[in-house]
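Below are two complexes that have chain A in common, paired first with chain B and then with chain C.
On to the complex of A and B.
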């Protein structure tokens, strides 16, 4: 018996191209980034790039902007995750019913999912527009609002308005996952609950909700993973403003790296964000891993 | 046994109500974008806003598609009237080339993504080899790092290779995004194919290449379509990497050009909205046409267990 049989040689051959690509565009940059984060690299001063150890990391933790960004990111991520999950369950409850038009609605559900994030940002920025936007026009016409407001210019609600755009786009995928989970609930459970005299609300709380747990777990963790790293909407809608009202970690990394050109600290910040995300996502990998 | 009338009426009313809210929420914003793109700048800047275009016109779209023919000089740069939306941003001529770039990159990514993922997913799902689990975890782990964290080192690497502003660099980068997820989808699909078919093929003398080609691929067409669509959409919609890794119209993609318009204060609203509509049409069409495959593909991992 040879050490590597036909199976193993074939597998190596089949897997090699993927690993090669991922090595070049994912693994190597990740390692290289760590090297960069240990050096004081500023692009405006290209020749001097001294090794500074973990100074960049200490510098971040002394940086007031970093803690602002952590606070903003936390609020934003929480809002996105909770609202997305809540809406997804509602939508799934609706689309899991059988009624005329249900197929059409299911097709519509994919529209936000397929919308490019840049267009999503453009669309909502236009809706929020202080002078010509739909939101002001609608609320004033209906009488809910007395006079036009500068929506995105209000530091108290900017983050929520951006989150709203994000939720609109990421709700469909979460809803699809919830629908699949709901479809897997045996009809017998509902019948048994009816026999026991449970009303619709009791059936939801005692049958549907417990059965949704695996799907909910997946959605919660996945939404956390992607919301924490959102960037596109911030660049397009507010650029971190007004003031520092929407100054999130992703935005801080972008500003530090590509505006201040401080690649060393930028890379260190990236590492902090990556490790945070990794810790949160470890659950996902384990969760998904169990299924394979 | 037919249910009594009252609950059925209540159910119908509730379903109609929630359906209406759903449609307004999901389609409303897009409908408003489309409506805005069909209005002239004078119409669009009216207070209160026009819900529907009074005189629907495709002038904005014509302007986009004819922008390349216009030569903008110092003398005629102000000729266009902002009010009639003939005033074009200086970058308007870049829209069509950017669309071409997006299309070329998207097709390459879709094709290469499928090729790479199918082979790797087959190996991981079907062949029992040493390091199978480690390979899977390595592949999935690369997606855990946020894009914005990858973008910095990737920028440095690609700059040192002199590949900034090349379509190839973007294609390879996007593969890193799409491949892990596609492999994940395909593995769950391949594992659903009866193992006996594989054994029979092997007994008949098929190697792994032929087992993949003659047994697994024909049986997983829906997953393959889902993978192609998913990869194209991801590539078409991607923004952060394209922003950092491209510098001019030779490689810039549609989202980059559009984001440039959004941040340019002189650009007319109607024009930007029309550009947005153009960018939204291909992905939405694909999503609706391939709806069934996409839904089964996206949720493939969640159904099991």
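On to the complex of A and C.
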């Protein structure tokens, strides 16, 4: 008597190539990078790579830069996630209505999302430029500024300006997900609410918002995962500066790994970031999932 | 670093002519040399000039060359990963800043015993040779050597009624304030202080001109020392931005290239710029301030100030793998000599090409007398006297060490925090000094 029939064996055989590829391209790097994180590997000292166990993890928690980066990343992620979600809901509410030009507006909405990240970063860097930037030009012309000012070079607002560039790019996809969720809300619910005398605000709070929870959960999880790991905008716009004003976890990992060439601590930091991302996503799903 | 020259067709033609001349000069014997490839990696600078010279080299020697290049910003990482993976590299461009760590890692071959290359030391400026030496061993042949120069926009000075460029930083402040009052410039002084690979050269130049040092001769951090450290230079920067307002607070987000553009636009009267940029700055096709930019000696700062500046060198380095294999060694040495020394016709053709096409100053002493070189400096800088004098006052970065790559991240943040007014100069330099000491101890 065999445990697996012909169908099961055939299925296993067909799945095997994909499984093998996944093992090589996904599982191996994950396992190997964890192994690297347990060693003190500095590329410029190729002859020594001692096994240090979890010392790299302890070391990064003792590193002041790490906690600075955690603080910056927290602020950045919060701003990005909250603003993106809020704006996405507003845009979705607008585009869920029927009005002339609605289709064109929906199509245009996707332009920022389709813009490559590097282009987005460069574009906003130019917009914020202190000498020839569009933002300065605009604000001076409308009389809101007397003279050109420094934007990205101001450490008090750098993080917010980078977040703005990220929100501009990320919001369209979030809005699209919200629109899809809104389209699934039965019209009967609104009719019933109207019969009960609910005004527009009450209909939004008691009908739309509860029905948006699946979409909201998706957007919150996705935006959290994306924002916490953002790197490209920081590379292009500020390189972690000025000073340490935009020194986020992703930037710290880049500096540690590719500038200081400390692959051991860089890998350990990457694991901390990955675990944090998973934990946050799990928390969002658990918190909102219960209410769906 | 440098951008490729525009005159590709001229380069190609030059390469063809050079190749033909070499072939005629070297004869069939050279072409009959055993074939084999030299694997060379450089950063994406002077690409057309390098290709032209490679063509000439191949024509003269029959040795093939595999040439790869990477952008400067990613170059060190790209090269290190290849070296770690034992990629078959024979020769590469190396920055003086990486020499100790590369030498300690065993990625560079000591060429002190290679007379075919060391004989050029007699014709190389001492500063350049010293920059290729680590622990009494020489690791390469010069590609180019340059230094930070103090440049002035003579037109703006004239408009403010200033006839003599400043010789001290105090005079820079004084003249800048005058220009501000007269509306000649909002921020007369331009410094590129973005936290990129150039920042250490800019602040080193400033520091040296204030008579300061980051580390002493024994390699101990003295940067926080109020008298001989970098504190005076740091204070000057902070005051220039926040007190005198002669330097834009946007300097912290101004990279070297953007700084160059801003200075070329004619918006600033004074700037610290790599010398090789003088050609672009005085080229009407690239700069609206063309013809108005002149070199002056680095101003002195404070009571122990000097006209010293920061110099640096890039050089041709050979890998130990290439040195260990006789055939590879032979090919690579010929290649390095052809580019970093004299070609088969006995000329410093590459060094001259780099100067005349790109403005990259050469380390080869004999070239200084070359009529074309003299003409070059006359045309683009109004003469070569200041360049020569400043070059003699150039010091290599005193922070070059096996831990430089790590330390410079902390240093960059410290300088930016000073410029932002977020850290006191003394405290910021103490933090940078502490990091230096920590890394130095860890290296042992």
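The rule is short, and it goes like this: the second predicted complex is superposed on the first by the 273 of 292 C-alpha atoms of A that agree within 3 Å, B and C clash if a C-alpha of one lies under 4 Å from a C-alpha of the other, contacts with A are read in each partner's own complex, and residues count from 1 in each chain.
We adopt the following convention: contacts are C-beta pairs under 8 Å (C-beta built on N, C-alpha and C of every residue); 3 or more make two chains touch, one makes a residue touch a chain.
Predicted model only: the values in this text are computed from it and were never measured.
Novice: Tell me the contact category for A:152 with respect to chain B and chain C: first, second, both or neither.
Specialist: The answer is second: A:152 touches chain C but not chain B.
Novice: For A:131 in the superposed arrangement: first (chain B), second (chain C), both or neither?
Specialist: Once the two structures are laid over each other on A, A:131 reaches both partners.
Novice: Considering only the touch criterion stated at the top, classify A:48 as touching first (chain B), second (chain C), both, or neither.
Specialist: So A:48 meets neither chain B nor chain C here.
Novice: Once the structures are superposed on A, label A:238 by its partner contacts, choosing first (chain B), second (chain C), both or neither.
Specialist: The second partner, chain C, only.
Novice: Classify the contacts of A:97 with the two partner chains as first (chain B alone), second (chain C alone), both, or neither.
Specialist: Only chain B is touched by A:97; chain C is not.
Novice: Can A:260 be said to touch chain B (first), chain C (second), both, or neither?
Specialist: After superposing on A, A:260 lies in contact with chain C but is clear of chain B.
Novice: May I ask you to decide whether A:117 touches chain B, chain C, both, or neither, giving the answer as first, second, both or neither?
Specialist: In the superposition, A:117 contacts chain B only.
Novice: Looking at chain A, does chain C or chain B touch more of its residues?
Specialist: B
Novice: Can you pull the chain A residues that chain B and chain C both touch?
Specialist: In the superposed arrangement, which is not itself an observed complex, chain A uses residues 131, 258 for both chain B and chain C.
Novice: For a test of understanding, state which residues of chain B touch chain A in their complex under the given definition.
Specialist: Of all residues in chain B, those touching chain A are 12, 15, 18-19, 22-23, 25-27, 29-30, 32-33, 36, 44-49, 115-117, 119-120, 122-124, 127-130, 132, 135-142, 144-150, 152-154, 156-157, 172-173, 175-176, 179-180, 183-184, 187-188, 191, 207-209, 233, 236-237, 239-240, 243-244, 254-255, 258-259, 262-263, 269, 272-273, 276, 279-280, 283-284, 286-288, 291, 294-295, 298-299, 301-305.
Novice: Given the complex with chain A, which residues does chain C contribute to the contact?
Specialist: 77, 80-81, 84, 101-102, 104-106, 194-196, 248-253, 262, 267, 402, 405-406, 409, 412-413, 416-417, 419-420, 422-423
Novice: Which of the residues in chain A end up touching chain C in this complex?
Specialist: The touching residues are 43-47, 130-131, 150, 152-155, 238-244, 247, 255, 258-262.
Novice: State the interface residues of chain A toward chain B in the complex, per the touch definition above.
Specialist: Those in contact with chain B are residues 6-8, 10-12, 14-15, 17-19, 21-22, 24-30, 32-33, 36, 90-91, 94, 97, 99, 101, 105-119, 121-127, 129, 131-134, 137, 140-141, 168, 172-173, 176-177, 179-181, 184, 214-215, 218, 225, 228-229, 231-232, 235-236, 250, 253-254, 257-258, 263, 266-267, 270-271, 273-274, 277-278, 281, 285, 288-292.
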